[in-house]
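Common to both upcoming complexes is subunit A, partnered first by subunit B, then by subunit C.
This part shows the complex of A and B:
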């Protein structure tokens, strides 16, 4: 059984590698510059739109090799600062991560206690349900103008947008988890004359923890999706701003690098929360 | 009037408004200190509801339960409950589950003292070595042992058990019954237990309260188990001279009389405050005086 499983993992890995090579090869063939065309171009024009576009090649898309070189340069020097519009990709990622974590933490501070209240009280649940149902489907970016107008600070506004998009999954999952705590566990606490606070922390919280963690995992995923768009709007710093800035520079290689990094960081965030979730999960 | 330790007085419970028939009504009985009392009846007659009222988890529509001369108005550490579905907290270990109860009972105790006290009760139910296991790693019988240890560890004035062995296989059930019998005798515990198993009632109980079918269920009569505790052993229970008389009486009640009790009291009269007390076991060993054998040998 173990051997079979191993061989399946091995085969899947080989297949992944083959798919990856196929994509890269196709890409390479599609973007190869037409060989030998030595058109004379104005060097300033070439500098402005990129060598490939200036030489009259049909596309400005870089080859995989170009991307590799770009990634390598970013890895070699991720934290440089050469002026406000030219910062290393590591610094940009750190800005984005900082915003996401701050907004996410604030959302958790609000959503978990409020979700507890909603889950414990059918009255509060019914009273707040219309608000949640209406506000939940609103795109977080729709809040941006309102946030910019009221907060008058673009950095805090983007954190607010992260907050508002992270809050709903955590709120709903916490309420759901708390409301679903088995009656018999609560009865155990009641017959032991456990006070309300101790019951909340020692019985309800551990019982609902797996559901709450699932909500957090969904939230952090959405927050990481939203931060890129929010930073494109707000500008200044962050990986979203980096992508937009490189679009203005028409540096596709940098954009592709950023896309790959956004994907990898999103994966890491998800994996960290998945690992945390296994710590609080209990078999029944 | 001297009240027993637990005194159930005029209890009734209906779900919904007053127009609904009561599940049970006019329930009167008592449990003496140190006594093992079983409540027996068909499902749906409100047995579990009565136990929940005794535990303080449910409140009656009418009547009251007096424990130690005080009317109960909620759960108490004096009344430990052993739940039908063990109700262990799955994220805690065996030790954690019992320590949770112990530290609820004595909030001032430090960790070491709590663990030491908990360990004593883990040993008592024969779970030594399993302290670090989670409930999911335990068999059904072991889980119920943890439930018993948790209830005993808070050293309650009485134990309330809701069909504690019904989810177990016959072999495990028998072993646990023996242990409960031993532990209750050692600690002189007052126990109120719900069951629908006639043999379990005869093995464990000193008194067996019989309940009629719902709705409007009531206490039909109280059977005194005249077999002394030290003569009740699971393996040779059926050899005891009184066994079949008591068993037949209980089975006869569950099969026929629990259904037709209204007709029975129309004929003989019925005082819900003093349900009839019967001793079917004694009738088997000492036939009533008026029954004279037809032919005497000497």
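This part shows the complex of A and C:
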């Protein structure tokens, strides 16, 4: 059994590797500069334009090798500061993570108690439901102009946008988890004459914890999605700003680097919350 | 360079003979090698003050080096600061210019959009024009005009790079709340172009442009008014025959490449960048429509100017200074180098050099020479403002009737700028003498309503 499991993991790993190599190879072939393009232009003109434009074509996508070089470049020096608009990719990621964690923490502070309240009272649940349903699907970019206009501070605005986008999954999951606590457990608590606060903390919270954690996991993923969009709009610092700044320069290699990094950090955040979730699960 | 060596570096010599090895005293080095002075003037002054203080404390250079080696620079600096107010001395030295009043606010934030129009605002940072006037300015790159407007209105920026119609629009409450805004200096004149996608190489006559999708940087921009003017002169209605959308300049090239646009009237470097990447060609420089038209502006709120008069003056002086420097053709290559890095425009240096020197590839295989492709002239002519207002009215952005001349003189501070220029030893032009001719048609600022009525295609 164990051998089969091992070999399955091994085979999956090999398949992943093969897919990766396939993608990179296709990409490399597709982006290789076409040899022997024969449009000859005036050398004086050629000096003024990019290499591709000089041969009568447009600048192509970078090859995987170019991107590898760019990534290596960023890894070698992730924390430089060359002026207020030019900071290393490590610093930009730290800014983004800081904003995400702050916005997410605020959202958790609001969503968990409020979700508790909603979950315990069918009346409040029904009353608040329309608001939640309308606000939940709103895109972060739609909130941004309103936030900038009313809050009048771009740093707080981006944190607000993360807050408002990551609050809903936690709120809904908390309410769902609290409402779904087994009747028998509550009845047992009542027969034992446990006070309402003690019931909330000793019975309902542990019972709803796995659902709450699932909500948090969804929320942190959303927060990380939102930060890139928010920073592209507001600028200044952060990984979103980095992407935007390199878009200015049409530097696809740098943008791909940022995409990979955003993916890896998002994965790490998700894994951390998944680990936390296993701590609070219980067998039925 | 010994004068600018870090005096807290144990390996540096601060002796009477210059550390560069030349046969002159250290103090004379700056004068003798004036061209080699570093960019950050404040840092330079700090070094000068530090060196003077350290030399007084340790007359023998070997002792100073021994001391620094033993305790380290940070400890030494702290030790000396405890008996001698280094920070105060630095500050006093930096502000020691003649006639400088105390600055109300030294640390300022100035927002800019990464385009060559903002050259004076940007280059004043790496080339030390702000520091020269005692200011510690942070120039902040911003993603789009709407964000610049909002961050300015929310006072996050003390001053900002705006399109010259924006202060007028903000003051009038068109497209935002009405907040009194002023524009004491224009950044650049000319320097924009109509870029078309390469597939339109044979459609050079605007009459063939029906159905084209164009981009301009913002609704309240010279670009929008010039593009509308241009197509209307060729008989196309800009609202019906073509579509014009507002796209942030950095996204224009990407959209042109993706075939999402047929062309744009945009700011550089994005016209030249389209040529550089083989995506588009330069159809027309806006200079060929109206030579000397204003484009971007340096704008501050009336509130900032009245609450911080000295800081405002120092800031304006830095900008006028930088603009005058950028006006000189011989400085343009150096400027291109200063503003190309990631911290500022983040563009290939050759692209910026072509724009600023005016020797450029046109995207059709030719090299063109036009030294005035972009020029820098800070004077905020009121006639410019009146022309802009007539176009806002012509295209229906401005609904109410306004007193054109009054709004113009309230926002475009020609008198202030003239006074400041005189103070700096520059000759301001006569504010009444400005002739505006757009595509062969003269504009009389005294008769704005007649001017609007003279156009066949209009919305009002």
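Note that the second predicted complex is superposed on the first by the 257 of 284 C-alpha atoms of A that agree within 3 Å, B and C clash if a C-alpha of one lies under 4 Å from a C-alpha of the other, contacts with A are read in each partner's own complex, and residues count from 1 in each chain.
By definition in this document, a contact is a pair of C-beta atoms (placed from the backbone, for glycine too) under 8 Å apart; a residue touches a chain by one contact, two chains touch by 3 or more.
Everything numeric in this text was worked out from a predicted model, so none of it was measured.
Once the two complexes are laid over each other on the shared chain, residue contacts for A:28 go to neither subunit B nor subunit C. Contacts of A:7 after superposition: neither subunit B nor subunit C is touched. Using the contact criterion defined above for the overlaid structures, shared-chain residue A:139 touches neither subunit B nor subunit C, since it reaches no partner.
For subunit A, the partner that touches more of its residues is C, with subunit B and subunit C as the two candidates. Applying the stated contact rule after C-alpha superposition, one finds that A:232 touches subunit C and leaves subunit B untouched. In the superposition on chain A, A:153 contacts subunit C only, with no contact to subunit B. Contacts from subunit B toward subunit A in the complex involve residues 55-57, 74-77, 79-81, 83, 85, 87, 89-92, 100-101, 104-105, 134, 136, 154. Only residues 41-42, 44-45, 47-50, 52-53, 56-59, 82-86, 145, 148-149, 152-154, 232-236, 241, 244-250 of subunit A touch subunit C when the two sit together in their complex. Touching subunit B in their complex are the following residues of subunit A: 184-185, 187-188, 190-194, 198, 202-203, 206-207, 209, 280, 282-284.
Those residues of subunit C whose C-beta lies close enough to touch subunit A in the complex are 114, 138-144, 146-147, 150-151, 153-156, 198, 250-251, 253-254, 257, 273, 275-279, 341-348, 350, 354, 359-361, 363, 365-367.
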